[in-house]
């Protein structure tokens, strides 16, 4: 299974990068989201996969008696997801605002700050 | 001693604050400062004569070995006296020359800052502090050249001068540091002890090369000389003070100072002789092709500097002595000539030597000063210039095989310089006064006394060399050459080859002066050679550099976001690939890999198809829904692999993101397809390479065994110590609660940002202050 | 959206979902859930309500500007974080009441902290989405 | 009236729980049933007696709806293998007797959950509801069926 | 015994889910697809969740499951309604075999008001003949 | 005082930001509070600095979970120095913005976000945990996004788009790097990671991981070939914002690189070589860009890049002396770059433009102010003995000692280009006659502002100029500080022992 | 046959097949509402899968995830509907 997840991680990164290379603002953000998902999945995978044993101590017990999934990557990914939400929502609103002001989705029309030397 | 150096700086700092109410009255007080310093240094004459050198030490940056140690010996004393002495005269001269000028206070500020820096350069025993003062002279020079800042040409010249001397300074800095690395100290006194080690080290060539660049740029040696004529845009006192008498001699000072330390090697000598010779001849020729008095003087100054480098390069006792005398002689007569030029300019409004004549009628004292200076420059007997010229010829004649050619060059230079000197010092004061200069009249004594004084000094020292022989020239000679030979300055050496050469110089010079008339036509002839002039070559070079800069900047900073991303990720990909395939042994350990359930395979397949779908669809909404499916499938993995918290959070947040997208999309313009097939192919290739690399790396990292110490600790203590059962939540609010606390701030800021993005709308058409 | 059915349903759903979100928040220390998910749920509840009734009405239900929930939440969080300073313990050290409370379980600074997170998440999410819906 | 009876019923159930001292849901339901019976016995006013018929009716109606849902599912199970030609979809306007928002909403949900029908929308004047039907045989018949099967019993319960 | 019951419930649930999935795939227009999912999946989910409730046989789990089931019933029908209505607004094509369409032209283009009496607006989906 | 108080700078800014959020619309109150908070913050930083200077590295564990389990907060000399510098810059910009920012912007949360930004920076400087560092980074970048776009002008938005996307890309890479670190070591505490990475057989993977960090931090610190967002965006926001960006934001990337590459990936020669080459090209790119630009903000933007090259150079050479040079330069650069953008803001306020061609007459009309501005300008050039000069000695010497001669060539070139650029700027902006004010703009010109606002703009420039003079003339103190930092960085045992306890290091 | 095996070999394959069918509808579209209803259906199926999975792993905690999924399915459906209507209005 790890192999398949690795393949997905590869796909997410490849897809994210590909989208980042398009000319559309919209696609750029999709690309960033895909990359973010890829990174999250990567961290999750590197904590090792454990099936069906969430890191929750059962009622009545004080410690784990069974195997359990590594909680650390889960907490990290959770944090990263929430942070990612903040950043992505800002980015999404940014493109809306850009559109409101500049009326385009084409990144190539948005290089005036670089143009004049 | 520190006070002596710092005084000028303090004064410079105070000037702008006091100027307002003392503008007129104070202008005569200014010269008192250099005068005071002059007298102070004069007081050291005896001591130096008897003790050779005096050291002063003040701590500054001990951990770098940089301190404010000052070393007063013959050479530095000579310079200190020149700086303060000529400084006094220039300060006084300025009081009248720029009388009533709006920014006179600033001018004095710069001048005193310069004076202090220059004193610092010649007095420092520590190379680094010497360099610091060195750079300060460049900066003060920049401000002084650009003093008439309304004039674009002034600004350009200031920039050119600063660029060249600044560049040289930076190169020299490397040289000084290298010297420290090899010699182990910045202290000149200490370095003298390891002179042999330095000369024998591998870095010796580098050291002197780097030092030379510094010295040559500062002292306007070929091919860096051209900033100096440009610097003549500065007011005449500046030209006098900085660009003939003192600052440009800093390079000479440096070479002289380093002679005992680094000199007397084939590289040292031959480089200096070559560069000096080229400079002196090249500039001397140029000087007779000018009509602007300042231009003539500028080139003759360059030539004189060339002579000095040449003499130091020869490196024999005789030549070093010659250099020592010539430093003083040149300072005296050239400063006088500049001051005179200033007076002429001031009174007639012209510096065109082809037109100027007959001014002796209105300003006799100036004429006398001019005559004396010109004669000293020409090296006529009874003037200091004569002695220096004699010693110089003696030096060149001692050189065996090279004697003939070097002497010939020296004589040629001297002949041309004689003409230049006469044009500047004599021509304006002979013949009939043209009607256009009728308004010229006798200037204020503040203007004419300084050059006259200098002229008489040339005469006095020339007639009675014993005045300065023991007290000044002997210590100078000792400190340059490092030898304890006793020198003797004589007016009369008897009939010998040297005298013959002197006569030859004077006669041919005199003839040339009579037959060659300064005219614009002469300059135009030189224009043909402009193409190959160093200035032109360097300017073309810098234009080329500019084009390169434009190319480079446009190439990288091209405005296209995707190109930026490509560059960055191509770099990363190459870096990773290089290390991965070079250093990592790639294998798959199937033992560690778990089996695949068919339903997982379905989810994987769904996810991959959705990714491809999201990428390839041209409808934005479809892409977003596909993104939703990707997130959804992702959540399923989280559920299968025991991360319910994660699944819940990810799913809520994915949905909120999709929702935001939806709301944004309501008003986005129609989607267009922009990229060509080739571009898509290129991008796909790069993306896939990147994805594959990340995947391989992930797998390799996965297979490395790692410690589970931390997560085990978390799990073991979650209930016992942290009183929670859901370990993920315990991590979030307790073990790593700090992360969460900050993370909430991220959300808050993002929300505030979104709010302001949507609500704050400053008028985009108006400029914003 | 002008849908009668949707409006009716969501006016009943709102309190239920809020209740559920608090449930999720409080039990986060024991079972999946916690401040983040709870806060997201509460925001989703308000969002659904705003789709049905429009922004103005939802905002009037919340009464205070959701923006102010953010500093309030931050204050909770930082309060819980620095409370240990007063007993000379490092930042964020868990302080607990000796005995568990009924229904809630152990109450301590971690719970206060989680409540802070909950409020911040609601405030931030609603601010983000409301400020955009406002201008759609 | 119904409400106050329900409240009394609830209070009695709580008293039962407190008296027996066992806080479990079974005990609560048991207490509720006992007090329901007592209230039924002691209530004489005719309009008040409705409370005691509503509950059984409600249960019956819920059971009916469930049955309809099950039917719907089996029907769609069957239909998923039908060829397209057997479909006779339509959007039909059905006039409403239900007046309040709650009535209309519940009715609509029920319609959506039961065989072959889906609520498209309610008119803004709340007079009609537009229903998407999968197999429309006869329009009039369909409208009548909806009103009789779903609306009438619902309104009886609600009012 | 309990296991058998769970299996039976789950099997029925799965079959209903499957049937509505088939329906979703096969129905010719979006309105029919919405209609079919809104129904078949409810019971499918309900049965599945019920089997889980049976399995855990725990009071707190059961109440939660009941809550989920009710919630799902409510939201699926409302969601279907919202989506169908939105599809109609956006003039998503309706299948050519549709017999009657009383809704055609009843929405106001601007206010989105829905009339009970005859109205004639442009909001009416095209009959899709391609499907 | 106990070690637990070393989080005080962070917590204080957190509280400051929160309080300011409560007064969202009360601009005047916010102004007063912000300055007050900045002053107190500076006081706390000074106090912390002195504590650490006296007692050595101080550590506290958040939640009282011993390292490597909890998040360690580590105040070593480097960290507290950075905290102190950020407080100084923060105070200056806080004052400057009260005088210069338009009230519309202030009404949309400038001050709270500004304080959160400072908090983010200080948190990053003090954390001892790699994931925590990531979180701090995110605080910083989201605040910078918001400050960058505040006002939503066309230019701002265009710049922000590039800034945002490339920074998000960097964050994503950072996250991958953290994933790899966790995968390889199972730990996140940097001290612990350092030990565990050291014991790892598969050096190649460590090296690749460090490469990912290089790019992630490289994007943030704007080194070649990852600097593109900077010239596109830094000149677009109000100068007060640019000032804090210029002074601290790119430096955060440098800080992170210094921290990780000395502590966790210490002495990877290949990476060192790569960095040396990148440093040279960064200097070149920045310098070349700067000589071309006509907009003052852009000139300064490219100069930032150029000087980032100096900073990376020291890390690439990787000797104690070189790191010392980097640290000294960092200290100087933070103060001077902040000041530089404030200067450009003041010039903008006076003239209504930042276009060099249109500017002029500053020296004639504002002589004293011009002299004041000359201090940061010429400090930047490194005219000795101003602050920019000293670090170069170390860098050049370090380069000579490791025989990186071509690098020295680039350092000289970079210094020369800076000199040329500033001299040209001086000639054009200060010496040249002014062309007259452009058409009416939004907001008040300097001359029309109330005296108090004028002083609020000038005072911080004066403050930072005084500090850079101090750095230059009292170089000895700064050198001692850099030396201490450098030796702590090059020999991280002290750091590791302080975090993990004495017994952690066993041969 | 144990409960686990029955679920693993009978129920989950049926659900998996359903997922595939729905996913095909998702890919085919053709309209946005089609995709939305497919996504909705996917989430609902996943609620079932979660229920089954919680039985298989004996972890009732997963049921809460199911609850949240159902809630979110509703949110996203109503959001899409909202979007479609807004877009039409424009």
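Chains here go by letter, A, B, C, D, E, F and G, matching the order in which they are written, and residues are numbered from 1 within each.
Note that in this section a residue touches a chain if its C-beta (ideal position, glycine included) is under 8 Å from a C-beta of that chain, and two chains touch if they have at least 3 such contacts.
Note that this is a predicted model, so its numbers are computed, not measured.
Trainee: Through how few touching steps can subunit D be joined to subunit F?
Mentor: Between subunit D and subunit F, the shortest chain-hopping route counts 2.
Trainee: Any chains in contact with both subunit C and subunit E?
Mentor: D, G
Trainee: Quick one: which chain's Cα centre is the longest way from subunit F's?
Mentor: For subunit F, the chain whose C-alpha mean is farthest off is D.
Trainee: Farthest from subunit E by Cα centre, which chain is it? Let me know.
Mentor: Centroid comparison gives B as the farthest chain from subunit E.
Trainee: Using mean CA coordinates as chain centres, what's the gap between subunit B and subunit F in Å?
Mentor: About 26 Å separates the centre of subunit B from that of subunit F.
Trainee: Roughly how far is subunit B from subunit D, centre to centre by C-alpha average, rounded to an integer in Å?
Mentor: Computed from C-alpha means, the inter-chain centre distance equals 91 Å.
Trainee: What whole-number Å value describes the gap between the mean CA coordinates of subunit B and subunit E?
Mentor: 78
Trainee: Using the average of all C-alpha atoms in each chain as its centre, how far is it in Å between subunit F and subunit G?
Mentor: The mean C-alpha positions of subunit F and subunit G differ by 48 Å.
Trainee: Which residue numbers or ranges of subunit E touch two or more of the other chains?
Mentor: 15, 20, 22, 34, 44, 67, 74, 76, 78, 81-82, 84-85, 112-114
Trainee: By the touch rule stated above, which residues of subunit B touch at least two different other chains?
Mentor: If we look for residues of subunit B contacting two or more partner chains, we find 550, 553, 557, 559, 561, 565, 569, 640, 644-645, 648-649, 652-653, 655-656, 659-660, 663-667, 694, 698, 701-702, 708, 710-711, 714, 725-726, 728, 730, 732, 734, 736-741, 743, 745-755, 757-759, 764.
Trainee: Please set out, as single numbers or ranges, the residues of subunit G touching at least two other chains.
Mentor: Only 15, 19, 32, 36, 53, 61-62, 64-65, 67-68, 71-72, 74-75, 78-82, 85-87 qualify.
Trainee: Which chains touch, pair by pair?
Mentor: Touching chain pairs, listed by label, are A-B, A-C, A-F, A-G, B-C, B-F, B-G, C-D, C-E, C-F, C-G, D-E, E-G.
Trainee: Show me the residue ranges of subunit A that touch subunit C in the complex, using the header's touch definition.
Mentor: Where subunit A meets subunit C, its residues are 54, 56, 78, 82, 86, 89, 93, 96.
Trainee: Under the definition above, what is the set of subunit G residues touching subunit A in their complex?
Mentor: 53, 56-57, 59, 61-62
Trainee: Please name which positions on subunit C make contact with subunit E in the complex.
Mentor: My answer: residues 1-3, 5-6, 9, 13, 20.
Trainee: Hey, which residues of subunit E end up touching subunit D in the complex?
Mentor: 15-16, 19-20, 22-23, 26-29, 31-32, 34-36, 38-40, 42-44, 59, 73-74, 76-78, 80-81, 84-85, 88, 95, 97-104, 106, 113-116
Trainee: Going by the contact rule set out above, which residues of subunit G touch subunit B in the complex?
Mentor: Where subunit G meets subunit B, its residues are 12-13, 15-16, 19-20, 23, 26-27, 29, 32, 35-36, 39, 42-43, 46, 49-50, 53, 61-62, 64-65, 68-69, 72, 75-76, 79-80, 82-83, 86-87, 90.
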